[in-house]
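What follows is subunit A paired twice: with subunit B in the first complex and subunit C in the second.
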Partner chain A sequence: MAPPAFLDGNAAAGDLELAFGTDMTMASGRCAGCGEQMMLAQTHAYLGGPGTVLRCPVCGSVLLRLVRSPGQTWLDAGGLGHLRIPAPA
Partner chain B sequence: MSVVSRGFRGRARDARHTLPPGQYETHGFPVLSAGPTPRVDLDEWEFTVTTETGDRYSWDWAQLMALPSRTPTVDLHCVTKWSKFDTVWEGVSLDVLLEDVETAADHALVRSYGDYTTNLPLEDLLDGQAWIAYRFDGEALDPEHGGPARLLVPHLYFWKSAKWVRGIHLLGEDEPGFWESVGYHNYGDPWREQRYQGD
Partner chain C sequence: MARAAVPRRLGDRLSWKTARLTDRREESSAARTLGFEVPGWPGHLAGQHVDVRLTAEDGYSTQRSYSVASAPDGERVELTVQRVDDGEVSPYLTDELAVGDVVEVRGPVGGWFVWRPEQTEPVYLLAGGSGLVPLMAMIRVRRTVGSRAPFRLLYSVRSPEHQFFESELRLDSSGLDRTYLYSRSTPAGWPRPAGRFTAADLAAAGWPPDFEPTCYVCGSTGFVERAAGLLVAVGHHPNRIRTERFG
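What follows is the complex of A and B.
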């Protein structure tokens, strides 16, 4: 049986910090699909493909897509009902 | 005294193949996914073509298997920079599937089991350029590589060859897909290195 293709959301920490300018692993959000509340570190991260994809660990919906090209970063967080980012300590 | 050394030639290149700009050759077959692998029962599998007027054409697995198949040998070019030469597939040409479809559409949005989509011009699906592929290297297509069936459109970057294909919507207006809507190139020609929007 093939291992799961995803990692936990911590694996996307580097890409997320580059996009948001702060550590996002303790940020939390609500899945717009099923309403589940979670920290980004608890999401399912699909990496290694054309971009980074975070999915809801409960319903599997796409929460966030992140693509970094040489000159730009693209972010679609439309799958998150909201995103709460703690202030840096 | 002069010292002359033999030039370092490196590994001999396969003269039959040329890599598109920025690519390297791999002999493996990397698995890249944006989500979990759908497990689609062949008894429930269906492929549909929906036109811009809402007309719907569909094939179940037995009907797909009854259509004439081709066995293209093609090179694959992934936007993550690997290329794989001489891959052998079996599938049904989109020319066959779209033969009796009446449409004036210019655009296609390909949908997969799961939530993946990708867009391309309809003309890139025709004239022997694209297949619904269900065998790879003589074996049933593995789910990790898109089985039971995937789109194969090898003249574009491989993200356009949607795994787990379930249908094609023919559209009058272009609609960007899963990666095209977050910065990837709308067309994705590897020979022009169209990786990202603006390339």
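What follows is the complex of A and C.
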């Protein structure tokens, strides 16, 4: 079976911005698994499931999961050691 | 007062807006450029994309991301869509959506895979198939603003019939070097035989790494993996390589 297809973190820009209120593709984070530092735009985005999953492009760890329903948003960013978000332009 | 203006602006950009199809033109046998009028469109940067949402009468709804093809032009937004034969959304957009019909769009979104007019460094654009679309927006904005930033384009496409924007690119001669590579079949008399691009193709079409170009790579996952890998292998710094994969 082929591995599920991923896109770049940019592809998740709309849903991330809706949750955070600012463009998150230019936010940088550190993978809690391997320590790699990256822009969220550089992560691998898996959008085919019921939510959005971002994985580390180096080690494949899950960095962030975002699931939205009409009434609420669930965010699990436990795979990120930290997240640095630029102030909106 | 300024504090209140920011969330309002953000809210505007992220709300779903109505986009009415005003015109459609053929770019290749399987691709169409759709011109939409989007009241309240806030403008966009070259390389940004929009989320497009279609909702059926029974309430079923689905969304996809498409790169904006056009330079900013008021409330007009052009998307160039390649038909994916077993796709759920693209055949509807390329073949069924009629002039006057509406879809919903949200955006523009994304701040990473963009080219801004204030950038002056050399730019290397690498397009695989319909991955040319966001790069074409960069070429169009460069022309619109009269930028002198030197651009080079490597466009890898299956065959001449699949080629987009050919006549427009041919006009764009000042400061835009173009290299076309055909992977399956070439025009008659084309010097390079059809085949996948190589490290030598990539080096010949682009800038030496010590010119420190910003590289924008867009195409299928396979194309992007290969092109970005070759760029790093010939010495381009990973932080100057920006990628956009599509499905």
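Criterion: the second predicted complex is superposed on the first by the 85 of 89 C-alpha atoms of A that agree within 3 Å, B and C clash if a C-alpha of one lies under 4 Å from a C-alpha of the other, contacts with A are read in each partner's own complex, and residues count from 1 in each chain.
Throughout what follows, a residue touches a chain if its C-beta (ideal position, glycine included) is under 8 Å from a C-beta of that chain, and two chains touch if they have at least 3 such contacts.
Since this is a predicted model, take the numbers as computed values, not measurements.
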Combined model on subunit A where subunit B meets subunit C, clash or fit: fit
Touching partner for A:Ala5 - first (subunit B), second (subunit C), both, neither: both
Touched partner set for A:Ser69, first subunit B, second subunit C, both or neither: first
Contacts of A:Thr25 with subunit B and subunit C, given as first, second, both or neither: second
First, second, both or neither for A:Tyr46, with subunit B first and subunit C second: first
First (subunit B), second (subunit C), both or neither touched by A:Gln37: neither
First, second, both or neither for A:Pro88, with subunit B first and subunit C second: second
Touching partner for A:Ala13 - first (subunit B), second (subunit C), both, neither: second
Minimum distance between Cα atoms of subunit B and subunit C in the superposition (Å): 8
Contact residues common to both interfaces of subunit A (with subunit B and with subunit C): 5-6
Footprint of subunit C on subunit A - complex, ascending: 5-11, 13-14, 17-18, 21-23, 25-26, 39, 41-42, 88
Touch list for subunit A against partner subunit B, complex: 2, 4-6, 46, 48-51, 53, 55, 60-62, 65-67, 69-72, 74-76
Of all residues in subunit C, those that touch subunit A in their complex: 6-7, 10, 14, 49, 51, 65, 106-107, 109-113, 221, 242-247
Partner subunit A, residues of subunit B touching it in the complex: 31-37, 79-80, 115, 144, 159, 178-179, 181-184, 195-198
